[in-house]
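Consider the two complexes below, in which subunit A is the common component and subunit B and subunit C are the respective partners.
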Partner chain A sequence: MTAFKIGLLGPSRVGKTSLVTALISEGQQLLAGSGVAMLPDGRATEDKIADNWEQLQGDLLAGEFTPGNLRGTMEPFYFRLALDPGVPGARIGIELLDFPGGWLAGRGRSAHSESDWDACRSFITRSTALLVPIDAALLMETYEKQHVKLLPKHLTTTQVESVAREWAIERNRRPHEPALIAFAPVKCEAYFNDNGGLRNKSHLLRQKFDEVYGGVVAAVRAEAPHAQLLYTPVDTLGCVEMVKSDWVLNEAGDWTFDAKYRVRRDRKISRMGVDDLMTAVSQQLIQGKRTMTADESADLIQRAQQAQDLADRSEGFFRDVLMWLNRERQARREAAGRQDREAQEAVRRLQSLDTVLEKIATRKFGPRVQRL
Partner chain B sequence: MANNGSDFIAGEIRSLLTTRRALLPGVQAKIAAWRDTDQTLVELAAALDLLREHPSIAAETAVGLGFPHLADLRSQIALTIEQLTAVEARYSRDTVNVGVSGSARMGKSTLLQSVSGLDDRHIPTGKDLPVTAVRSRIYHSPSIRRAVLKLHSRESFLKEIIQPYHSELGFAASPRTIDDFRNHAYPDELPEPSTDQVSLLRRLRDIHGALWSYEKDLTGAEMVVDLDDLRPFVAYPTHREVSGDAPVSRRYLAVRDVRIDCAFPHPGVEHLGIVDLPGLGEVAAEAEQHHVRGLQHEVDVILLVKKAVDASAFWTAADARTLKLLDRARGPIRNRGDFVFLVVNTPLGAEALAEPMRAHMVEHVNNGQPGKYFTMLDTDASDAESVRSGVLRPLLHALATRLPVMDAEYLAGAEEAAVSTGASLASALADLQEAVRGIRSTGGDEIESVLINAEELREDLAGGLEALVERLRLRALSEEDDPEYISAIKGVYQDVSDWIDDGFGSGKDAWITKAVRRFTAERGTGAFADDAVNWIRVEIARRFAALDSFYSGQIEEARREVGVILRENTGTLLDREGSELLRDLADLLDNPRRPCPALRAAVTGLLELRMEYRSHLHPRLRPHLDVLQMSQRSPEIRRDEEGAHELFRFCQEMAQNAAHEIRKALLDGEVTPVQVTYAAVEQFVDIFIRSGPIGDSKGSRREFERFARAYRNEIWPGTYQGIAEGNVRHDRVQTLIESLQRKIDGAGRAA
Partner chain C sequence: MRAYLRTRGTNRDYDFIGSGPAEYWWRDYHDRDLTDPEKPVILAESTGPTWRIYLQGVESDRSDYRGTPIVYGLVLEGDAADETGLAHGIVGEWLSSITTASAAPGKALDQALGPVDPLLETGDREEGEAVVRAVFSPTGQATEDESGGDLGAIEPESRRTMADPDAEDDPARWLGDIESEESQAAFLAVVAGLLGGRAGRAVILTYAESAGDVSALAEDERGDLAVLVARPNREIVEGRRPLGKAEPVHPQPVGRTPHLRKRNGPANRRGQSIPVEPRRRQSIMVPPTLLVAMVCLASGVLAVLAWEVLPASDDPPRPAPTVTVTQTVVVKERVTVGPTPQPD
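Coming up: the complex of A and B.
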């Protein structure tokens, strides 16, 4: 199965796994009733999500959420998801790479992990979408100048900028392919008042983001002018809020950021902004499909050939789109040949996948989203 | 003497006395002026001494600051005053006084008796021993007949009578009291005494031995006695009294002089006084000096009586000395013959002796030409008629014509002395003025110096304060947080956190127990929950207000730093610290004579600077406490212990969040104490150093000048005290010079 690649770029423990879990969960909600399912594709992804979910539920039940309780990623992990319309061979694969955040910094990689890191970088540069989760609490709750100085290290902004620049350069080499980079501050519950919070500090969050990630944004904009840059703050849980935080000097002489969160009384997960990420990803898929779809017109053959050339040349996104289209066409042809009820249902499901992706892609971004 | 002639002479003398009286105030004014001049000269000399001693006067300059011949100048003034005093005495008299002088036994007393009509009971005469012990002044009075005795005090007796004897006899110490004198043991004789000393010792022993008789009279008062009782007070004891066994009384020793009023039996003597001048030629301590001093101040003319007696019927050397002595009393009277008349006393039967004596006198006194220098009057002193015709008539006639001349000469002499003295003083003053002017030109001008120093003070303060502002600016704009402020905030935050963690001061269990009790009592949770969060909110705010002490400390530190700079540049003017120093300075700048409103406004502005949590920060941070409002979160809480636990946890988390947010807002705050103090001190410096004219203020620069002038002695200790003191001394000298110059001029005009 061909899979669309999405890179995740962020330091350890920023909440990448939680973000992926949230994306799956949000995707399932958006697809509910459409006949199209979003599923973990494979046991590993299924287990990973289940582990994360269990930890999260445990925290919520305890009424006290501590981000450090979630285990950080220790080795590269490929989340494999599938948009399954229930028609054999017509699945759309989505692959997200979650690698140890510590690898971003060279000193965080061991000798034997260098080859893995190369694979990670290869994956990232081939990804048309790059998600950059950002610890909003770290941004907002760091105000002493001695701690502010630690932000680049803790947020690995230098490394993020380096990898993002590399990604942007590669995107610029493929100007026909879509390119999306979404900066997604996570743990934003305390800084918006649209999801149970009392005060709206979103302007401060954006201000802090600009101060710290301005360099990354500038680098991407410079290297890939056609790339879409989005600022998409996310409440990955929605039912927690920070009580207090502190920078603490541990015994090793390193500063660590500790935050204490409380779980709101209803303990119901209420995500915000994840749907916008799904929208942005869907837009990429739909845009690619539109580009590659041959109209039923006089120059069908010529266009099909052009698409083939494009796919062959790109060896990336459009190749995947083309394969997706070919599989879809194959399925349609098979259904048309059978002329039975199941075949009709298959066509309807294929149509439904298109419809739901179109529907998601055309929905407007929420008010939190800002184009950079 | 014909009555008409006597009347004419009397009229002339009366006119003369009237003229004298008219001139008297002028003479007295001149005496006063010269005394004042002398006093001013003394003050000026003292002022010059002070000026010379001032540190600002260089040694070479000091040499010219003085009167090199001050003693001489004062002697000249004294002489001038003495001469004028003699004129004053002369012009003050109501009578024309005729002094009667002569050696003992020449018939002076006899002559006085003949002129006054008194006899031996009043004016003793004797044939052998000197009899007149006291100088008598006898005035014609048609109605009064008495004697007024002026008595010695004990002090004047010891000083004027006894002390000269001791001095002449070479005794070491003179008695200080009468008791000393009484107890003094005088020797019977001196080893190898001179002739005079033998006599003087004998007299002193007589005086000592007779103390019992006159001690009671040493009162210093005047005593009026009947003329018939006068003799014991004016006459030496007789030979018989001295030779007898009874103690000899010497009451005359208590008498300084005696004035006798009686009717003279002669015409034309209404304004005549006769002064007996005893002691001339007698052996007595300082007799001659007393004699001359008395002559100068008491008589207008002198009769020198020379009697033709066997032993001395010729002009002796003693007579010549006597005449010379009398001539010393003449003073500025040019013609010796106007002042001294020689009386040749020729008793009845002594004509044969008189003729050659007269010839001898003409030869030796008048260089052989009768009347060339001195007029010689012939009389028999015991014959009143002879005295009238031979002495009084020609004498009064001469006085009527010559006394106005003598008066004019007397006055002219004194004036000449005054002019000479004035010239000497003026010359000395001119030299002094030049020397003083030299000091003036090198001493500098105090005000100018103060103004220069005021500008330097402003510049020095500007330098120090700008350095402070720069230090504060660097701190305020530092990339680093203010560690003290961070520490203070964290300290307070920790206190609040501990309090929250400790169950809001009472412990979690107690809190929950109380909550359950209230839930039960009030059948609901709302009231307790509202009370709890409200109280927590207030308490958090109150505990964060503990930062006020830090804020005030920071501001006080800024004031202290400003104060140090002010104190270091203002001498001894300011001696405290921080706010106290600034308050002192504000008071000083409120000087009613030299107000400095702009400088004071700068100081009071810094004093009024406040940074307080409640008034300045809490209003801005207050929204962070909104989480502690039940109405904002409204958790539905059960009325049991589990609900209380839930409420406690809610309150604790909300309180922690509120405290966290407040701490964050404080640490992330745009306004920090360093920035506040930086802005305040910069504002202070701007106004204090650079403000221009506005409103009541003439601007910083002018106010610094006022400030410097008002407190120059404190800001620059010693500098202006010295200059001021030096200037005071200088000005005092200058004032006295000018005053003395005016007085010299005035004394000249008075003449």
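Coming up: the complex of A and C.
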């Protein structure tokens, strides 16, 4: 099974793991009716999702959500999934790499972390789709100049731009392959009024995003003009309301940002924007798989034709007699038949995949999504 | 024995103090869908002469800048001649801490380490090791550092006695539940054996809940193998389940002729040979009439050749074949080195 790679690019504690688990958890129901199913591939992924879900549920029951309660990542973790378009032999493997966000910042990376980060960077640049989670609260709740100055450091925009540029260059070397970069502001509950929120500050959020991430967007657009760039704000939980956010000077003399959330009465997770992100990713992956299957079927058809030509070709009287005697001719005909059946199977798979792709492609993005 | 202590500071991400081990071998357990190395686990491996142990998940009293509780991780490496008593004590204490949620080791480490951020930035591995040795010292006495500070050793009452590694001669191969005290004690006994020079593994696996989940590991590991399953929401495993001894990968076939042996396929991971389809033999099917005709034809050709080639006794001798000799003439050119003579 071919595995497509999806890269994550965000600083420490932005909510990379939560975004991935949200994507996977919602994936199954979001794709319902499209003929495509998303399944965890292996116990590690299955348990990680369950673990994150339990932690979130615990917070919601307690009535207070503190992003800090979710443990950070200390080891790289490969989420392995299977996207099943319902076409035999066309299952798509997906790998998402979650890594300690501190590796991106690079400050004080140890020798081993350095080599780990090299492996992560290589994975990211080879990814078909790149997700860039952004802390919406950090972006929106920073007003004072002394704190605004710290935004690039806390959002690691310089590092994000550098890696995103590398990714775009690599994508540009493969213009026939799909390429998607999705900027996903997370924890957006306080800035939209379409999911239980009272105020709509979505325009301001977009404006701040443009100010801070304009360089990243420009770099990707310049290096990979064919790449699809999306802005997909996400409510990671949906049922929380931000009650307090603050910049605090800690004991070590560093400014840190923290936000506290209150759980709304219904205490029911109601994610928003995740479906759009999932749709965009699925479209890219199925398109990629379709391209691969098309190449594969073209190759198989060509081979089948060659095999048929070989089976029919006359090798001269005596050789033909010899081939008849040692059954070589029969073997050649059997091989030609076999290859023809394989080619026909690939063509059928391609046609079915086209049907699925058409269904997903017709799904429209929600009003939050903007093309960049 | 070498100890590598891993934790995070208020601002600094998780890392080993000073430097980490050369190889991050515990990640293999995650790659094989066996355990989450970020969860409270113990992974002990021994080749016989050398051993290494990965311990993770003792909770610190500290929290990071966002209020997230911090945990400790520890990697120990050594050989059978090392202070295995100390290593075993650490494993016992760690196991006790992660099964009873005891805060004692974490608190003791916090107290002994002091501010962690500067240590992660500029500290040496030896500093971390010194703290580990002080906190888990077998005497249970609080050790004083050079400045006279109390490094805060944990209470000895919570220590478990080191099991006798020679208690059993046969390899210990079983699977138990981390909730079972009996299995915990047996686990520590296996660890003692590994530290004492026996080859094998003693591991806590967070993705495993039954013997079927560890079958690949059981096949790979030939020596001792103690597995404590710790998957959340599992059905508790009663007692200890034998894991069986791993079979040789390529068993000698018995009672087969050499001819048949050649046809055997490669052995699978359980050592059973995989049947393969017999190779298709290229055969020529010649009809008998055609065979007779071919024999007659061949005889005729031979007769003609014999008539043409073999001379009759009264025939004159045949002339010798004409051989044309081509003579190659090599013309040697005289080459004059120096100024070209000018014509008069």
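Definition applied: the second predicted complex is superposed on the first by the 284 of 372 C-alpha atoms of A that agree within 3 Å, B and C clash if a C-alpha of one lies under 4 Å from a C-alpha of the other, contacts with A are read in each partner's own complex, and residues count from 1 in each chain.
By definition in this document, a residue touches a chain if its C-beta (ideal position, glycine included) is under 8 Å from a C-beta of that chain, and two chains touch if they have at least 3 such contacts.
Worth saying up front: this structure is predicted, and the values here are computed from it rather than measured.
K.L.:
Is this a clash or a fit when subunit B and subunit C both end up on subunit A?
P.N.:
fit
K.L.:
Touch test for A:Ser113: subunit B only (first), subunit C only (second), both, or neither?
P.N.:
second
K.L.:
Is A:Tyr143 touching the first partner subunit B, the second partner subunit C, both, or neither of them?
P.N.:
It touches subunit B, and subunit C stays clear.
K.L.:
One more residue to check, A:Pro40. First (subunit B), second (subunit C), both or neither?
P.N.:
After superposing on A, A:Pro40 lies clear of both subunit B and subunit C.
K.L.:
Let me test your reading of the model: by the given contact rule, A:Ala252 touches which partner, first (subunit B), second (subunit C), both or neither?
P.N.:
Once the two structures are laid over each other on A, A:Ala252 reaches subunit C alone.
K.L.:
With both structures placed on chain A, which of the two partners, subunit B or subunit C, ends up touching more residues of subunit A?
P.N.:
Partner touching more subunit A residues in the overlay: C.
K.L.:
Once the structures are superposed on A, label A:Pro152 by its partner contacts, choosing first (subunit B), second (subunit C), both or neither.
P.N.:
neither
K.L.:
Quick one: is A:Lys48 in contact with subunit B, with subunit C, with both, or with neither? Answer first, second, both or neither.
P.N.:
In the superposition, A:Lys48 touches subunit C alone.
K.L.:
Name the contact category of A:Gly215: first (subunit B only), second (subunit C only), both, or neither.
P.N.:
Neither partner.
K.L.:
Once you lay one complex on the other using chain A, what is the shortest C-alpha distance from subunit B to subunit C, in Å?
P.N.:
Result, nearest C-alpha distance in the overlay: 19 Å.
K.L.:
Overlap the subunit B and subunit C contact sets on subunit A and report the shared residues.
P.N.:
No residue sits in both footprints.
K.L.:
Where on subunit C does subunit A make contact in their complex?
P.N.:
Going by the criterion above, the answer is residues 6, 8, 10-16, 19-20, 24, 27, 30-31, 33, 36-38, 63-69, 71, 73, 117, 120-121, 206-207, 213, 231-233, 282-286.
K.L.:
Which residues of subunit A touch subunit C in the complex?
P.N.:
12-13, 42-44, 47-48, 50-51, 54, 66-78, 100-103, 108, 110-113, 248, 250-252, 254, 256, 258, 325-327
K.L.:
For the complex, give me every residue of subunit B touching subunit A.
P.N.:
Contact set of subunit B toward subunit A: 479-481, 486, 623, 626-627, 632, 635, 649, 653, 656-657, 659-660, 664, 667-668.
K.L.:
Spell out the residues on subunit A that touch subunit B in their complex, using ranges where they run on.
P.N.:
63, 141, 143-146, 198-199, 241-245, 260, 262, 265
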